[in-house]
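We call the chains A, B and C, going by the order they appear; numbering starts again at 1 in every chain.
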Amino acid sequence: MEGFLAAAVIAGTPLLFATVGELITEKAGNLNLGVEGLMVMGAVIGFLVGYRTGSPVLACLGALAAGSVGSLIFAVLTVSLRVNQVVTGLTLTIFGQGFASFVGSSVMGAVLPYSIKEFFQVIAIPGLSSIPFIGPIFFKQDIFVYFGYVVVVATSIYLYKTKKGLNLRSVGESAASADASGIPVNLYKYVHIIIGGALCALGGAYLSLVTVPVWQENIIAGRGWIAVALVIFASWNPIKALVGSYLFGGLNILGFRLQSVGIHISQYLIDMLPYAATIFIVIISTRKNKKEDMPPADLSNPYFREER
Amino acid sequence: MKWFSLKKREEIPAKKAWLIRIVAVVLSVLCAGLVILLLGFHPFVTFGEIIKGALGSKIRLTQTVLKAVPLTITTLGIIIAFKMKFWNIGGEGQIMMGALAASVVALNFPDMPRGLLLLCMGIAAVIGGGLWAFIPAFFKAKMGTNETIFTLMLNYLAIKFVTYLQYGPWRDPGSKGFPKVADFTQNAVLPNVFGLHIGWIIALLLTVAIFLFMNYTKKGYEVSVVGESIDTARYAGMNIQSIIITAMLISGGLCGLTGMIQASAIEKTLTYSLSAGMGFTAIITAWLSRLNALASLFVCIAFAVLLQGGAYIQISMQIPAAVADMIQGILLFFVLSSEFFLQYKVSFHFKKAKGVA
Amino acid sequence: MEPVKAIEMKGISKAFGSVKANEDVNLTVYNGEIHALLGENGAGKSTLVNMLSGIYMPDSGFISVYGEEVRFASPKDSIKKGIGMIHQHFKLVDVLSAQENIILGDRQGTFIKRKKLTQEIKKLSDQYGLDVNPNKKVYEMSVGEKESLEIIKVLYRGAKILIMDEPTAVLTPQETKRLFEIIRNMKEQGCAIIIITHKLNEVMEISDRVTVLRKGKSVGTVNTKEVEVQTLIEMMVGKKIDLAITKETIENKKLLLEVDGLYVMNQEKKHALTDISFSLYSSEILGVAGVAGSGQKELCETIAGLNPAEKGRIFFEGENILGKTPQEIIRLGIRMGFIPEDRLGMGLIGSMDIVDNIILKDYQNAPGLFLKRSRYYEKANRIVDKLDIQTPGIFCPVKKLSGGNIQKVLLGREIDSDPRVLITAYPVRGLDIGASLTIYDLLNEQKKKGVGILFIGEDLDVLMDLCDRVMVFCGGEMMGTVDPSQVTKEEIGWMMAGGKMKQEVRA
């Protein structure tokens, strides 16, 4: 059981980065449906840089850069040029997939250098990892998983305890009010769309550098879309996003688990589980009444100050 | 002090609007050319090859039209949903379910007379695709469930399910270990007209039909009103739930029909890769045609040229097919951006504004 | 001592597309002065002050603050100069608390220090006599509380120049009185205050000087003490105009609509209407007064069949129509017109042309699958002619028309169906005086024809001048029905705030 849960945390980590990334983007009032594209861009650039340089840090930085550039395109189109966000996000996904399959064709089937594997091996945190049950699940993991915790905690503090975080929430809730309060709305949108996009890409890089770790074109397999749904499930709250991501990580690996205990169901049917569960989540999240659990009120509305 | 300012335009002369769009296309071609150059290929040669590959010979032209047919029909389906502001991203799944339903008929009644069998397959496909769109439509209408994610997840469910069938229960024992579904009999394959399968006629007819539906019928009017404002629709006494569900049945039904055409005329069987991203591409083409059915025909043909040309340069110039995808993306980014310049007027202040000392 | 010029605007022009919202406008405001900006809807008052608050940038002209020339690129620049703006539509974030709204955009420190903040807010509230609970969420606040919050928000930033855009539009007479006390208080502390309004009595009551705008141009600035109301009207409208609204009492009334014990829930499952009973007769205008959100919207929509009721009955000429859908009501041949509050969001479709908007309620009655638009061209032309709608043609998208003409399209369609009952929610909101008077005339004309009109209003003077009887709502309850000739505005205001009236008035 502990082994399964620890594996669920690993499988949930790419989702976690993508979900928190999309959450930050949506807090700025922009719905970026290009998560899938950003993840695949991060995955391919992360892999490529890791493969060529052997440096895990450079690989991660490469992925972050890829996500930043990808989401910058989205930001220019939706914030400055006020193009429809749904269509732009989809275009970004199509573009990202084309980009990744082109860039990745040179490293198809390649194996990452040992230095990378070494860097991402399991590091037990002294003390914490010896807590019964909790320890082996959460504190005998690789450095990437730990960074995930840091991102969640940092995002929560930022959103709910700092003035900048408050400003960000107001931009997503009511861009006009934020603007009237002297908050540079477009700057906030740009910065957070880019940070969000970079995090999504980092989630993709985790797949290509640690989980899989080979480059294949369909490596993301819809996780980007699940992340978009998880943001709804999490009611735009980073802590709930963590819970949701690990839950879905568990669903992702359930198939292997069932087979190892002798239950034989077609892998293809079990593969359907996370998607079906996402639908279920979207349906139950419809029934929310608390104002605080609602999406940012200004989500996907372009803002133009001189609109009359 | 900003060095430029924006103003919302009131009206833009048609000539100027076209000029802006053309500039966007030209810019995107230039930008794509730059990318091609950076990749170490000659841009003009590449573009020439794309055009040649799409229109250069009768066979290639046929291929282009064969790509335009499913794209057009799917686009029509998406247009109806988007006109209602129902973000149907589930075209892929609806195509898949349409193909699946048609295959059930084709594989179970292989000896039915050709016309009847094809008709039954078509009806089954429309129902299959329609039902797949009905599920999210039902939840949207009754509970207001977010349709974007819902339709999208249904894509994966449909594709995974067909994969399961292909690798499991429906695997053809006669295919020597290759995981594929049995081929359709000749009766289940669409006939050719002028050297092309009859799908092109269906696509043309549907384009006209959907154009008339959206612009001249009561239902089409209702779909537009619901898309503009649910409150106004409520005020006018429209039955909103029934409008959403009907429109989505049509939208999904059209996508399902695409699935049947692809399965019957192209693949001649059911495969999990048959939708080939068409459900997504159709969203872009629907948007670029500004949700106008007639315009979508031309946009889809242009896209088919790009797709076919892209496939051609892969062979003729050894350029990876993904380059065509990227060019597509670049083109889209530019054309989408041009919409902004249609709506806003940008003025630059290189000199200081009037009235400033 | 020479008074300090807080604000000086000179030769300001601003155009939106082809519309010149401001043309060569001048405005000077001194410290310790309450300066009223008077003008009709669409005269360019909001545009002018929005240039002071950094929302818009002028196309040409100078702005100086305390003698220093400024060019605001954003609200941030304006706030830095000590200008605080209270917008007509509050710029507050609903899900945030009062104190969170107050520190939005604040640049000092990284973290939110809630305790210290609460103390500071308390101190400010006491100083200016405002009442705000720092931890209350905005969506739980009344309009009056939101107004106070907006004021504290600008004071917290140390604003010395306050701009208020139509602050009294949504307040009861009592709340207005309180607001004016606060404004005078601020004046005494040396602030410069610009107050935008189109209500003449308020201008006379509160301001020291008035600048009048007309069609985007400044007509002049006068000392309030030295000017007559009639002069201000002339400056505002550009000609002598009779603002009096005619009211004719018509005998021989018949009962048309009877509402009996109506309870309605809103979307948040709270009571929007509690035990409402009243009767509407032919040839009368029955007014509904109340602060915004007292259940007016729910009342209109429930009668029109758009909103389900919890319990109660609504009789239309003896038939209970409650629980029937709008389609069923249309099919029963019940002729009821409804002018909703949100014209372009509910009554009309902005992007569609006049013809497509005219057929909105009719198309279902015509047989066949097709729309047959050409049948309605004549009707569209008739409405355009009859109501004198200024439009390039019947194929012009309605959102391109001016506010008054948009309202005429809506009213024209509803009147053309020959209704027995007409429900109108804020029919003159946002219209200029001329257009408003036209609408009142049209309503009176319908009244003469025997139509029973339910008139939801916000301006108490208009409600009292136009209506035969006025019902007063507070928090979804009916506080009473009054005869406008028998009560004062203050009494109605007292009822709007929750005071019950014992005596009932019969039609």
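The rule is simple: a contact is a pair of C-beta atoms (placed from the backbone, for glycine too) under 8 Å apart; a residue touches a chain by one contact, two chains touch by 3 or more.
Please read these numbers as outputs of a predicted model, since none were measured by experiment.
> Which neighbours do chain B and chain C have in common?
Touching chain B and chain C alike, sorted by label: A.
> What are the two chains with the most C-beta pairs touching?
More C-beta pairs are in contact between A-B than between any other chains.
> Centroid of chain A to centroid of chain C, CA atoms only: how many Å?
Chain centres of chain A and chain C, defined by C-alpha means, are spaced 45 Å apart.
> With chain centres taken as the means of their Cα atoms, state the distance from chain A to chain B in Å.
28
> Out of chain B, which residues touch more than one other chain, so two or more?
7-8
> Counting only residues that touch at least two other chains, what does the list for chain A look like?
306, 308
> Give me the residues of chain C that touch two or more other chains.
Residues 16 of chain C touch two or more partner chains.
> Give every residue of chain B touching chain A within the complex, in rising order.
6-8, 87, 89, 139, 143-146, 148-150, 152-154, 156-157, 160-161, 163-164, 167-168, 277, 280-281, 283-284, 287, 320, 322-326, 328-330, 332-333, 336-337, 339-340, 343-344
> Show me the residue ranges of chain C that touch chain A in the complex, using the header's touch definition.
Interface residues on the chain C side: 16, 53, 55-56, 74-76, 78-80, 85, 87, 91-96, 100, 103-107, 109-112, 137, 139, 153, 268-269.
> For a test of understanding, state which residues of chain A touch chain B in their complex under the given definition.
Where chain A meets chain B, its residues are 33, 73, 77, 80-84, 86-88, 90-95, 97-102, 105, 222, 225, 228-229, 232, 266, 268-269, 271-272, 275-276, 278-279, 282-283, 285-287, 304, 306-308.
> Under the touch definition given earlier, write down the residues of chain A that touch chain C in their complex.
Those residues of chain A that touch chain C are 161-164, 166-167, 169-170, 173-174, 176-184, 289, 291-292, 294, 297, 305-306, 308.
> What residues of chain B sit close enough to touch chain C in their complex?
1-2, 5, 7-10, 216-219, 221, 224-225, 228-229, 231-232, 234-239, 353-356
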